[in-house]
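Working notes, beginning with the structure itself.
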């Protein structure tokens, strides 16, 4: 769309550009000459690269110098294309992992002799730590080093989907990032319209649930009866890691269009009773597997409780991403106790409509679809399981955090995306502060799904 | 001395006080009741404590709640006395380490069957990670959590000197801090007289090499022809981790009293040619084993090169902490080729003087001691080894960093401390930017000690 | 236009809203009860108002209390409509000015007797200072008081255009603002894309020369080869007072469309030789008569010289706002030596076209209009005078600042506004650093207009 | 004393040094050549100086250039000695004031003809504004220009005490500073131990009431149960203009030694009921006549009320600077109804003691002096007048602000200064929020002095 002055790709390339620039200012100490590689990293260049990596790991010239050499390596990585980057990472994965033979020898020794001093255990730990971990750490000493690693991880995640041989490398980098992005290191910040435009444009780019249509839309979402919070890492101060958007309202909101309507009158935030979390977006593909959402929601609740003492209710207004698929599967299966006579045909017409507008029109013109769809959707949320947990991914996230299913909202989101995901139905998950721990515990240990009496009513 | 408004102990207790205060504001989510333990942690309280630790590790109620419980645990720790803290840490060390039997079973399986998926290796890694690592991380999510862990490590370092059974715990916490205090996470800051008094008083408290006598002395050390740099961690912004003091002068400085003389005229920093690093102090006992000094020196050199382009020479003015002991040992040994006839008696009189003032008087009144002491000291620095490296600890640090021995300075420090350490002799280690890597390499791999021709002249 | 999320009016009302809010938090000391007036300030309310003003001026209860009462007065002013505000200001103008009879008595005394102590002169000064000056100052002590006075001055400027009796009040407030907005109190700031969105939207609203079309357009104008500078007052930190936009280019730019084209490739600002000032906008109507533009240009030149040492040329790309009107006047006059035979008809067709698009089409399709229009425009700039100075207002501003006329640009701005102002012609005024003082002096004292040989060539 | 690392003189010279440095970076525009004058400004240099001043005032080359020339002038001023500075200022006072003949002509015209347009009044105002006002303003545009003017005013205040001919210049500069240091432009800041040492050392230097003995003493005065507030001007951010020290205590404090005792236990500021203002110091001689104290006290009360809602009582603990002198005068007078028989001799012995220690010993050893001294002191405070107001200067300040006399404190300050001022007696002035306005009004209009019943009891 024309109004978007930024897309994720350009955000990332700009960052990488800055990194590259930062690394040109090489230290007076341990100066390292440049490394010029062809973008697709042909075999001839692999040799040069291998040598440079070995030098980093040997740390000849000292640890400070080694990090200068790592900078050159990182700089070279940034200039590769996807083909080259895959080959770069594959080289690390193939040649800088653990040495299983040495490990096996130590393991045998450990199993045969007493290890009173613990030195064998220490040796095992050491042998289990691949050299690539050292490489990762060396990248960290450089300007924007943390961002570099997060972006390299994003490459690993992308490549791992299609290419073999990177899993172990990917897992180890994830472990490192889990440690470095521990919640204790992150800053929670409230984001207002007074934030730099260069930061706010990233919200527009990163918003994943309800697209931000324009700067006006963004301004509306940051007005006095809305708020937005994000986690930041001190070494990536310009990058929100995850952010949540909250509406301050009276009563449980069930309709996303009303929440996002910028012509709606402002509420006085001091007097409202309910905070609706209507969008949570992760921004960094490279942090996949680093759990931040649970902490974000609860830190935000803490902050809101402190600032706005009239708030009584904390809930989400969430999509049901898996419902339409579930419905279509149900309609395919020949026998199902879920459908009453006649409902199958009625619903088939609906799901047959490929265009969202068509589906919406059918719903609008047939007044009688609400009961069956609401019943099926509540069944989907309450009874459909994947292993112990709920089948719906968003639901699983909030139940794990200790929320319960509070309310289904008919036509809560009739946008194209909303029709595709769930034929317009939205759901509120509610965080009752006093119940969070026990809800979590019941869900985690026995898969028990808590819901309100309203929901139970729909099930019948 | 009366002018000191702070000592290290009070700095630390204040910090802990703040932590305690911070933790009283317990989250609205996952509220955890208080844990009251008696200061010396008697056996009865150990039981309560064990239960609380297990709950943290089980993370019943979810990860956010677990961290609230960890806060209670940390709060309780802070209120224990040394006896109680030792028992607290010993409980962790004894009961929350790895389970060797389970580990051995997996190891056997790994040695017997192929592990194509890598799942056995992953399991081994997991079993090698003690539960106490999780506890450490849980402490991190709380206000001042990083400082808490650094202070807990300081306790571990102290207790480990005299008490058994904490080594493994101590090592693991060190490893965690090595990762969290990686140079890539630290901020280098120049500290001026415009810094908060609450920060500057910590320099007075922490200075370990040449005691800061008063606020006037400190102000003089931060004047325009001096500078001070420190590393900070973003989660401990009020705590310098290590700091270095630099004098900007013309020519190699050989006398610490002249450097610290606050009546000396100011040099114009834009025109001087030499930067003398005359003091480096680590401040956190809890970061013992986390290497920061090498990076600090080289980052400071980088910054100085950028700001003051007339600087040509970078060197230290350092104590020789081991020389007097070496001299006394030499005088004890019956046969040594190091002493010429008559020197032994002459020197014995000197070393017999227990009071520094006496030794200084002897030196001052006997004009002829300089040649022999300078010869012996240069011998000590160049030839005395501990394994591959130099015997002197300060020397070993700078040689490892790639410096060389440049110049010995007769009576460079005739303070009480200076006489006790080295009978007043000081040494300059010089960092020649072009040679740092190869000096480091030669020293590390073959123990070769580089020195100037002046030093070689003294050896004869 | 739809993309504008702000207009000047809403900016101002928001500010006033904040002021109102700030003033509700009335001090614990000198609390003053509220003043409720009807929006149009009927006669009955005038009485109440007069009394409150007198109390402020008497400062009963002390100066701190008086300022609390002034707060109430200011608050009441903000809630009036235009009619009421005019009556409010007229009340001040009519009743709180100087007392001419008292003044005359003192003047007579002064002319008759010697005033050795200077006390009569002091008394005269005092009697010449109207009470309203004290009122103005009392408003200043309140949150956003400076902004309040600037906005009240804007009202005065607006009302003075149509209503009598406010001139003296208006002039005195202008004098006060001249003193308070002395250049010595202002901050020059460079504005980048990292500035708060709440500030940047004001640039969009306030830009007066080449409208900012969208946030994308704004971002382009703040890219690395552009810059924007503004003056701020420390008591109005969120309000740019005047701002200038600069393009960093190679060679003299003659076309505004090229400068504003966001698809043009970026220049490297380190290597360009020319800074083009292409837009200067005053933002505060209330600061009319407070001269800021001259200082702004020269401070920006200073900053650019320091940051980008390759810059050699400083010039504007300016509109010629009076040219079309001059041309039409010329065509009206029966006899003029300026037109050659046939030119009058040719040009009449052009000026007859009321739509800019038509005029542009005529120019585009008739190849031969450039010579005559460029000749007439250079004549207009060089020879048309208003008293001593140049007739064109923008020209007069730059010549007063010491610039010279450098170059005329054919079709430099064929936007609607550009066609209306000057049939598309733009002009560069050049600031040669070495000549600024003497250019200024020659222009100011004898009306001499300096121009380049190119311009002189066009005149022939 | 040895502990003072700063005195006022050195503070000022350092500031001036910075100014001088700042002014060396002369603008690229309107560059002005240097002005070298001999320190004592001999007659020959006066000529050069006069010419430079005239050029500034003519503003040849434009206003920006004129300010560059003013910078040169200011720079030259800073390098003069006191003799030279006096001659510099005298030159301005003698030659750049108003032209009385021109003024008289206009006045006559104004008295003879109607001035409907107001242009004659405008001309009179103009002629009443001396050219030196323009010079002052021109200094303002330069780095630290405000501080320069404040320091120049300090010179004027000093010189005016002994030298004639500067009064009018001094008054006009005072008027300008009154306008520029209007309370609306000042920032109130709370000063804590986290403030820069370079700021805190100024408190030590400037404290005028109870000398700050050391950095430890200062730290104690900034501890959690103390606070310190100061006003700052945005153009002199490193200079507190006036500061007040407050103790948070329970009940009315009557003893300054207890307040300043750094071994006293800390009070919990959240629970105390009384704020004692025990020291107010003006710091800038150049701001003599610019009233700041009243606003400071009331702003601080506002801040304290907001932060510490348990505070009920606001009072000072003040010296009685005029009491001892009053007592000595009373003892000199032959007949006075104030003394009862025998008291004169008793007191004469006391006032005869020139050494404070002697007086203190007499008081300590004679138990019976308290009643008579307390009676006389209360009489002094309540009944001794200077015109309408109280004779005591500190008392007059607080009564003007709306306080009342609350309590006399026997031996409240037995330091050397305290004995000299008032034989150790201190007084509390109390600010009852509800009474401030009417107390002020009664005192200002009729000289009525409010006091507590305790004080009235002492009078009997």
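Letters are used for the chains, namely A, B, C and D, taken in the order the chains are written, and counting of residues starts over at 1 for each.
Heads up, the rule we're going with is that a contact is a pair of C-beta atoms (placed from the backbone, for glycine too) under 8 Å apart; a residue touches a chain by one contact, two chains touch by 3 or more.
Keep in mind it's a predicted model, so treat the numbers as computed, not measured.
Q: Name the chain whose C-alpha centroid is most distant from the C-alpha centroid of chain C.
A: Computed centres place B farthest from chain C.
Q: Can you work out the whole-Å distance between the CA centroids of chain A and chain B?
A: From the centre of chain A to the centre of chain B is 39 Å.
Q: Measuring from the mean C-alpha position of chain B to the mean C-alpha position of chain C, what distance in angstrom results?
A: So the centre of chain B lies 60 Å away from the centre of chain C.
Q: Using mean CA coordinates as chain centres, what's the gap between chain A and chain C in Å?
A: That pair's centroid distance is 49 Å.
Q: Could you pull out the residues of chain A that touch at least 2 other chains?
A: Residues: none.
Q: Per the touch rule above, enumerate the chain pairs that touch, sorted by label.
A: The set of touching chain pairs is A-B, A-C, B-D, C-D.
Q: Enumerate the contact residues on chain A facing chain B in the complex.
A: Checking each residue of chain A against chain B gives 27-30, 60-65, 67, 98, 104, 107-108, 110-111, 118, 121-122, 124-125, 128, 137, 140-142, 145-146, 167-168, 171, 179-180, 182-185, 234-235, 291, 294-295, 298, 301-302, 305, 400-402, 431, 433, 436-438, 440-441, 444.
Q: For the complex, give me every residue of chain C touching chain A.
A: Listed in rising order, the residues of chain C that touch chain A are 3, 5, 193-198, 200-201, 214-216, 219.
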